[in-house]
Amino acid sequence: MAGKSGREISAEVKGGIRSKILSWEGALILILVAVNILGVVISPNYNVSNVLREMPRYLAEIFMMFGMGYILVLGDIDISVGALVCLAGTVTVLSSNAGLPFGLAVVVCLLVGLLGGMLNGFIATRFTELPTMIVTLGTQIIFRGIAEVLFETWGNGGGTASMTDTKGLMLLAQKIGPFPIAFFCVIIVGIIMITVLAKTTFGRKLYAIGSNKTAAYYAGIKVEKMRFICYSLLGMLAGLCALFLLTATFGSNTTTGQGFEMEVIAMCVFGGIATTGGKGNLIGGFIAAFIIVCLRIALGQRNINTQVILVIIGLMLIISVLVPSISNSIAARKKRSAA
Amino acid sequence: MAEDLILELKGITKIFPGVKALNKVHFQLRRGEVHALMGENGAGKSTFIKVITGVHAAEEGQMFLEGEEVHFKGPRDAQEAGIAAVYQHPTSYPTLSVTENIFMGHENVKNGMIQWRSMNAEAQKLLDSLDADFKPTDEVGTLTIAQQQMVEIAKALSTNAKIIILDEPTAALTANESEKLYGIVDRLREEGKSIIFISHRFEDMYRLATRVTVFRDSQYIGTYDVDGISNADLIKAMVGREITDMYPKEDIELGEEIFRVEGMTRTGYFKDVSFDVKAGEIIGLTGLVGAGRTETIESICGITKPDSGKIFLEGREIQIKEPVDAMKAGIILLPEDRQKQGLILSWGLGRNVTLPIQEELANKGFNDEKKERELAKQRLEEVDTKAVTIFQPASSLSGGNQQKVVVAKALAQSNMKVVIMDEPTKGIDVGAKKEIYEIMGQLAKKGYGIIMISSEMPEIIGMADRIFVMCNGRISGCLQRSEVTQERILELSMEKSGTKKGGAAS
Amino acid sequence: MKKKVLSVLLATTVVASLLAGCGSSAAAPAADAAPAADAAPAADAAAPAASSGGATYALVTKSAGNPFMERMASGFQEAVEASGGTVVIQNPEAATPDAQISVVQSLISQGVSSIAVDGNDANALTAVLTEASNAGIKVLSLDSDVAPDTRAVYCNQAGVQQIGETLMEAVYDLTGGEGDWAILSATSQATNQNAWIDAMKKLMESDSKYAKLNLVEVAYGDDEPQKSTDQTQALLQNYPDLKVICAPTTVGIAAAAKVLQDQKSSVKLTGLGLPSEMAEYIGDDDAHSCPYMYLWNPIDLGRLAGYTSIALVDGSITGAAGDKFTAGELGDYTIEEIDGSTQIILGPPFKFDPSNIDEWKSVY
Amino acid sequence: MKKRSIGQFLSESREASLVIVLAVLLIVVGIINPSFLSFTNIRQIFLNNTLTFLMALGMLCVMLTAGIDISITSTLAFAGMSIGLLQKYNVIHNTFLLFVIGAGIGIICGFLNGIIIAKGHVAPIICTMGFMYIWRGMAYVISNNNWASGMDVAGFSDFGKDGAVGPYIILIVAYAAFFILMKWTRFGRRIYAVGSNTEAARVSGINVDRTLTGVYTIMGLLAGLAGVLSVSIYASAQPNMQYGKEMDVIAACVIGGVAMSGGRGSVAGTFLGALIIGIISKALPMVNIPNFWQNLIKGVIILAVVILNVVTQRTMDRQNLLRREM
């Protein structure tokens, strides 16, 4: 049943290294370089070993960035993860203090994250009429609420608890050469998450759902199952985040993870992932995360008012989403006048 | 001559980034006439309408209203000049009331306050004049497409427009709904309104218009008197070549029964639907919009959950819980709304084609992009898609070519046994229609079972071996190819439908 | 072409906004950190003889945007600059231990000589402060303590026992010795507040003088005005016989004072508050809700921490119990060992009443 | 037109079901602690939640256009801090003028949001997230670690003190104005139109960009006013004021039946939603639930109300289908 007109449709892949450099990710790498140059210029202490030493606390958030990337690609959003980090950390600390061996406490940490994510996924897929922002707004209050209750009923009260047996955490906080273990974990998790999203059928399905949920469903994709998996995955990564946060804080309190959800979303968006779904990739998010981390470290070393750093991040966020839209309209105008 | 022109456009050129959507086109509308505007998809009709209504500003050209040159800066200007348009897709506000939809943009305002009472009364008057069966306070989202179309017409009337533009108003309507619309248009003309009518249906044109203007490839081809032009000439003007034998239906030997459903029921949508398909057979499923045709096949394909019913494929009962089950079994659906259900518009054509089968092509879960590209290229070329590369986004294609991509996507599924096509030619032009029919014929020849859902009688009659007519959620009859006539179909689809009210979600 | 424009545009704007940020850093008390990296170990080695000149002393507050912290920081700065040292004051972006960890990490990179920290959590800073000590930085805490083995010494505004006794005495006085009273605290994990409340509860059990006092509830206003207001109103409605509210938190006491004064309630208020915040509400008559309250001088607390930092860095003290040093105009101080932790106690809490409030309200 | 039965009315009107939820809440709390239903207490529910009530109106407008604004409490803090400092440094003490300045700052903040969202086609959540960081940061920066305290705002705080009528009047005026604006004016209906079908609105000559900008500007105005009121009611201005409370405002709207997809929602529903949020926060301390349980219960109630709504809607749809003749 060949086409009768014999018209040929090209299947050649166009563009090479040049177009890659000129893409959004290329721009992000430029910015990352610029931020690092800036760091070296403004702070005499901005060097590899110091940056790597300051990094672990931020690295924990990057784990969640990957999961949030999946959720945003789906066209959903999850603002409960900061609270979930708090809950997972709290349960881990309290159960470890109650005598649970460290290995099991790690499992518990991931499990609590997973269960929290599954709860989000369950409500979001069962009640598809509800915007996920509202679902996770509710669970956000609930997760932190449960943590507060646990501090009081299971811990020593006072909304804070610290690990009594820190041997296991110390082990995780160790460094291999100048690199903290968390750094390797982020890289490994990152490579897996990036590859799955970019190269596998699973990732392709996420983009399909984010671009057009109905068409994806008609094409035989189990939309709700995929969403459920992504929420669960993000939950588990929140558990991982909690674990690595513990290696820095050795304890948990009611403010743990506050505002993480927004920072993680900001990393994704700055990395080119659209909150409307179906667009962007995690490589961008990954570079963007390091831009934000390096920027914070550099400005921190210059003792710049921490609030000013927040203002700068806010500005960068807005500019990064405005630039494509502005350059698009400029390009469109140019094209029109050319034609 | 000049004094009886109410609207005249000369040398209109409109450029979108990268394309000339209109190239020096002309148009003349006489006072009190119904003027058809025809052309294939992408010929520039809709853009032209948007230039008249001030949505787009033309780069070149002049526009005269009652002899005076006008420049519209926005839709508001056109409205005030007495031009109203009823667009192809109802541009309604689904969460708002009928009254509000009608008066949006020109509310009755006194002292800065909207006068709801007088507006409701006025809306009721307009609806009465259109013989509408719904209330001004109803929420538009709950109305049927036909009812929404009526709201749009009421909206055009409410502005006291002198010129009314109807952009494919009958595309979503069934035969008797169209008939009702014709009546309304007749009356408007009698009231002295001038009407521009865009349609793909020749019957619309013959029934209503006195003159017809044809566009092709963004250019003006000519204006003809409807009485003086033959069908073939018109098609030639539109397509640029002659089309013979619109329905290439061949008589082929029918095989064994390949597919059968029994007693499918979904409360509120359809009840006790049963039919069967033989290998090589084309089954037509028709009826009024809202009769439950789409809902039925959606349940068959696992998109919605039926309350009861059995599905047999090649004699064995199969369980379908999700769309993927149907696809695995070899039942492939070409959905009704290709832009929302059939394609991911922002994606390249290739990825669209291979989406359902990426897992088969994949290597241990990793996408095999090379294999995908090759397969996509092959399938897209088979159905003769007009495209440059498999990477161009689906949104860049015309309706007909988009439909071909949907077909290519179905063909890519190697285990296909039964093809279900829901309104396969809706909103696509003559040339593309014929190609779709050809593909359908070839599929039948290869021994697939085909179910075609359509509201267009000529194609149902032209293509189907057997026709099942649905009415009010039930199969009201089955007609053999030999015994079918338009009247018989109408008769079966109108049974007890006089009391039908409200809309089923489509 | 389009994307190229985009990249260049983006890179430029980001760099521009960064520079803008750096420009505004002048507002922050940024020190010239360049010599600090070299100077820190040097000062360490040449311990007692060297003056404090050239060393960098850091203070990490609980959070930005808090006047108590601001006064504390100004005292710290004054003390250090008077003796020729360089000051770095860092306000974390939020009142969380996480944010403090980042700040301390950054200070370690900068190689400061000492870090004085006002802990947002008793134990969460353990790891990072140990790392700081290992890097040769002297660590001390002030205001809110951190884990004792992670710092050399704790500059305590007043002993826990002392504050507990003072507040209990005030409650006793205002209730007339018997009746219902309630506590409005900050957050449930605030270390200081919890210690003081515990001390008060213990006193009530151990001292028969307080036997007729009935502590009906400890409410938490989370240091938010709105929640503190809700909680105060709930206390009034739930306990009609309530006589006194004791709020050992500066946000809570101000919110409670406003509620009581607006409602012209007969319930009296005491606790720990900033004079500048509370001036409106302090008075003996019924028109004012708070007859008197307590606080220590945050400026002096900052000064004390400043002098202690200098003493630690120049080696005149090590943080062991019994070490003595002179804290400038504040006088001589001795490190004491209380409950197994080394502390320097500033002095008893200061009482603010109608007679002295006008004098203090503009100071802090 | 036929009169509808009560049952039908209840099942069709979102507000009616909210009233039932509200009644149940009031009865349960009232039984546990009768003083909850006292006049003082009910008055305080409004006073303590003035900010939520006020900003919910703006959020209604924003959500009607299918947008969201999470920068509101940062705007609030920036505006509040600004007018607090103006008093602290004895620049301005005139209450009216302070309101004008606070509102002005809010308008500027909101306008920036609106213009970037409308003209730059930036997703509202991202744009407002950026400004959330920016305005909050600016509030800290201008405060220079100081608060404006009771003493600084002495005369001004009389406006919002417990017992004064100011905040109630502002609330009543705002709700009356919005009720009229949303139902009876062109601008109000245009907000609905843009949210219901943006493309259609554009085609029918509505200036969508201007409407969007207007909506975010209104939100900014209300957030600015809320900032001023906050300083007045709590007699203090701190840079971290109302941190995280934007979620309460969003929750109030959603409970009140405002659809996040746009085009659906009413002033009455918003009022009821905000009232439910207010009652929850006011009631929890009064029914002797320990402090550490309060967040958990609040979260469960919010989620339960929205899920209940979905379930009711589904049952109604199902019933309608059953009624359809075949």
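For clarity, chains are labelled A, B, C and D in written order, and residue numbers in each chain start from 1.
One rule holds for everything that comes next: contacts are C-beta pairs under 8 Å (C-beta built on N, C-alpha and C of every residue); 3 or more make two chains touch, one makes a residue touch a chain.
Owing to the predicted nature of the structure, the values given are computational and were not obtained by experimental measurement.
Asker: In terms of CA centroid distance, which chain is the most far removed from chain A?
Answerer: Taking each chain's C-alpha mean as its centre, the farthest from chain A is B.
Asker: Does B-D or A-C have the larger number of C-beta pairs in contact?
Answerer: Pair with more contacting C-beta pairs, B-D versus A-C: A-C.
Asker: Roughly how far is chain A from chain B, going centre to centre by Cα mean, in whole Å?
Answerer: Whole-Å distance between the two chain centres: 43.
Asker: With chain centres taken as the means of their Cα atoms, state the distance from chain A to chain C in Å.
Answerer: Chain A and chain C have C-alpha centres separated by 34 Å.
Asker: Go ahead and note the Å separation of the Cα centroids belonging to chain B and chain C.
Answerer: A distance of 71 Å separates the two centres.
Asker: Among the residues of chain D, which are close enough to touch at least two other chains?
Answerer: As it turns out, chain D has residues touching two or more other chains at 140-141, 239, 292.
Asker: Chain C: which residues touch two or more other chains?
Answerer: 24, 27, 64-65, 91, 188
Asker: In chain B, what residues contact two or more other chains?
Answerer: In chain B, no residue touches two or more other chains.
Asker: What are all the touching pairs of chains?
Answerer: The set of touching chain pairs is A-B, A-C, A-D, B-D, C-D.
Asker: Applying the document's contact rule, which stretches of chain B touch chain A when the two form their complex?
Answerer: 15, 17-18, 20, 303, 322-324, 326-328, 333, 335, 340-347, 349-351, 355-356, 358-359, 362, 365-367, 373-374, 376-377, 380-391, 409, 411, 439, 442
Asker: Okay, in this complex, where on chain D does chain A touch?
Answerer: 68, 116, 120-123, 125-127, 129-134, 136-138, 140-141, 239, 247, 250-251, 254, 260-261, 290, 292-300, 302-303, 306-307, 310, 313
Asker: Given the complex with chain B, which residues does chain A contribute to the contact?
Answerer: Result: residues 1-5, 7-14, 199-202, 204, 207-208, 211-212, 214-222, 278, 332, 335-336, 339 of chain A touch chain B.
Asker: Taking the complex as given, what residues does chain C use to touch chain A?
Answerer: 1-7, 9-11, 13-15, 17-18, 20-22, 24-25, 27-31, 33-34, 37, 64-65, 88, 90-99, 101-103, 105-106, 108-111, 120-128, 187-189, 191, 194
Asker: Give every residue of chain B touching chain D within the complex, in rising order.
Answerer: On the chain B side, the touching residues are 53-55, 74-76, 79, 85, 87, 91-96, 100, 104-105, 107, 109, 112-114, 116, 135, 267-271, 472-474, 499, 502, 504.
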